[in-house]
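Down below are the structures I want you to see.
Note that chain A is present in both complexes that follow, paired respectively with chain B and with chain C.
Right, the complex of A and B next:
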């Protein structure tokens, strides 16, 4: 086991608005070693993007971390000063956002946007930073990088802009890269190419990767471990092979069953399974297990008590009462 | 060069706007009554009236008058003042320097203060400067200029005796008119800057700039501000034209010898050629400044050049 780079324990995030306080993330715990890849899967509203924003401590207005511990390479993230946090963002923890069309500043040249983290964090001159930017653009497979340094974002395609976002993220050699649905806005063929790029960059630079997605197929291609989120909590977490082949939580099983896959003609079931019902809305969480209203296997404790994360060993945890009833 | 075609197209639009403006100005001057009856003595004979009509071209059909008006306008002739007996355009340009001085001063402080406070207020909503700015903006937007101008005179001229109450000639004469004139515009610049900045600060690119660990001044000035400046520049350009040409109340209160006062006098004497000249000249100034701001947009946001 590698040294832990990121340790999160019992993290909770609250949204405070005119209607009162609503818990968005609840009891989230993850550990991530140097160079590891964790996939975080969930439907929209499951809290996965809030988690992506909570790690660099840059939550949107009205959101705040209300409980929990977070350590980056042993350092308490919750105790960091604003200046230390700014340095952490960009220099140690970098983020790629979902929408490449809106995440680059329209009036700054690509060269400026890729170079500025090196100027701010590594105190390079603009000239040296531009030279580094050129290498970075080459590294993310951008054709004619010299010309692209002088381009503006609107002069490039979505896939190209997302690669630029990758170059921006890598500019100060971060130890952790958080990619929040990086391929969702891209064309399917470009998606696979981008995932290959991320994997090859990871091999080259050795950063740890948290890949947030709603697509289990993306996780299966990319990640060693996967965590499944539902209603602001992790319901199941383990190695990708274990979780994909022997899912234990009924929600994970439903997700896997609803994945489209190629089947031979005439196969018995060519309809996709669906999970009945709607995902819960923050503020209107059902009591007990948050999945129980949609769960076909619910039984006596499910609508009353929230299941703890049962530890099944070898870094596998499942938050479901079935584990106590029939499990190890 | 894409910029060239952009400019040419804007130039054509500008010419069309001016032609329509001239048509409107001429049509409205017809609604205001027959100028001939004001130019002649009461009780003038019908023959005299007809002769003057013919001399002024008022017997021609409207379209012919419009063409004649346009033809003269292009050569810089907008008629002769009924009251002063001088060229209307000449009168306009005589008064222009005084108006430019007053409007320039008021514009400078209203833009600097409006944008400065607007940006600061948006960066920290609810801070002291934001609250003070909101109150001052509310006062500026809702207090009539003539009343505010009088209050300033009461306080600084009558009570403290620091500044002359009216006239022109030294910087001390400029202070109160420039404050009164700029007040409303500072408020409007402040409010627009603040709301445009708040919107820009919520964008994905500002979020990414913060995720890159950029210092806050860089996030605000380099990433967020250019997007917010586009509507502010548009508003400021039109406001400048209004300050030069339509400071009627302020220039009258402070007896400032500018275009606003010329317009006030022309309206009181029903001096239609002068009114037409002021309206047409300020319309041209708006069109020209719009052209200039279009070019400024391209400098601020490179996407606009390509959207053409």
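Right, the complex of A and C next:
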């Protein structure tokens, strides 16, 4: 077996501010093979977007990787020089963010923005890059791509802009695409189109995809594997089918049970299963297992010791003391 | 049911913005009724007019044309006293609990202010009522002396619901009340809304783009597309057996197990909507006459749908 595309071991990210240092990510380990799709699910404050930014080492001010190892195709990401990092971002690891109004430059024509990475990273002439941009726009199903090259971002719909962001991301044929809530700002029917586009682009170009989302439905449609984050850690990792159908961590189980279902339409007396309380805020993490204050199944070790990720085989890991107590 | 039981009745209501030639028909001839105590869900993509409809029901925007009735009386014909009563009986909860609560007011003032405005109860009774309503939405007593910034999004939305509820309204219009909340908090708020409805008999107009959430809480669902209602009926019928091609597309998109073909195209501009049936440009079943003639809402399998070919799809 060849080395996986991405290996992350025990990654920790700290935020330093006037109130001191707060750990945002803690002991995060995950691997990803070439061409694989991993969904990362979590609520606000779970650390999922911090993870998305940490991989290409694009953490914002005040945030820093404080521990752990990251390897991209065997190469130590932590040891990369600034020049190597620039090349890695964009050409090898590309990112799509939630709101393309922020990631696209408002006063530059679409053609310029889609062509630019090829000029910077692949040393193409602007003319050749424009030709590639046209192909890229066609590739992300933009109607009338010739005309759209001359458009500005504000002249396009949100769904169209997000496709342009996809074209920018793919312009240098990255091996890994990180999409952070790419469909959250889009209408449901447009969301579905976009996920379909991502899957089809992946089949065509073969990149690996990390899809960060709060929406388990998006993961179920798109990803082979899923990692569920809570309080800055992965609490459960496995194939999407396994995790969705047989969730083991009480948080994952609660999350899936609390989703409203279309089939329960119009029954007034029904209530949803709920997880009591609210997600913890970084800096105020409970001791032990971070989910224990909301967990109906907590027992003796939970408020004291943080559970390790128990390996249940076939790529399934669950960070819950129940796995130790009941065996596997 | 008779017309007199309708809390709110809309008859061919139109709301336009802008001036010719760039007129947006945000709401384009909508007729519907919200009965006392019922929950009507309104769904549709952005720009379909659902929020404009909500604002008109709240009296925040007058219709450009058409008639809106409150408990059977034309809104324009209400006298000052009736208008005050309508403002008390119809309350609102909006999407963003960060901007809908005054950051400089303690929760006690936020909750009792509606009672003060309507000159209800003594100061002590007002405080008792605020305490009682907080308990109903699952927040502790000491909430009263705190400020909004001390609460999470989910807690703030509970406070906003408590504020809407304190006047004992007959109807609460909720415009995307859960979309800004974390997934595990959405179910909590949906359950609270269902419990409050049982306890007080309050009706809801529930607007959201989360179709499963709308289906769960609604008795009836109205589906809007480019300012028009394309289907309206019992939640079960609309969610499980949609009659209109657009409803089918929308609900297939919401069902992760559906594995259906992704929908085609994007919603056209509401400034230049397609002629005839607005949906024909994206409809997989469209025939030539769909572009020529706009279909009227008519009964199809026990609900209303606006499609020439609803029966033969």
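We take it that the second predicted complex is superposed on the first by the 318 of 328 C-alpha atoms of A that agree within 3 Å, B and C clash if a C-alpha of one lies under 4 Å from a C-alpha of the other, contacts with A are read in each partner's own complex, and residues count from 1 in each chain.
Please note the rule applied: contacts are C-beta pairs under 8 Å (C-beta built on N, C-alpha and C of every residue); 3 or more make two chains touch, one makes a residue touch a chain.
This is a predicted model, so every value here is computed, not measured.
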Fit or clash between chain C and chain B when superposed on chain A: fit
Touching partner for A:31 - first (chain B), second (chain C), both, neither: neither
Partner chain(s) touched by A:108 [first = chain B, second = chain C, both, neither]: first
First (chain B), second (chain C), both or neither touched by A:301: neither
Touching partner for A:4 - first (chain B), second (chain C), both, neither: neither
Chain B versus chain C as contact partner of A:196, first or second or both or neither: second
When both partners are placed on the shared chain, which of chain B and chain C touches more of chain A: C
First, second, both or neither for A:154, with chain B first and chain C second: first
After fitting on chain A: smallest Cα gap, chain B-chain C, Å: 13
Intersection of chain A interface sets (partners chain B, chain C): none
Complex contact set, residues of chain A against chain C: 43-44, 157, 159-160, 187-193, 195-196, 214-218, 220-221, 254-255, 258-266, 268, 270-276, 278-279
Interfacial residue positions of chain C with respect to chain A in the complex: 45-46, 152, 154-155, 182-188, 190-191, 194-195, 197-198, 209-213, 215-216, 218-219, 221, 234-236, 238-240, 249-251, 253-257, 262-263, 266-267
Contacting residues of chain B [partner chain A, same complex]: 203-215, 218, 222-223, 226-227, 300-303, 306
Complex contacts: residues of chain A adjacent to chain B: 56, 58, 86-91, 94-95, 97, 99, 102-108, 116-117, 120-121, 152, 154-155, 165, 168
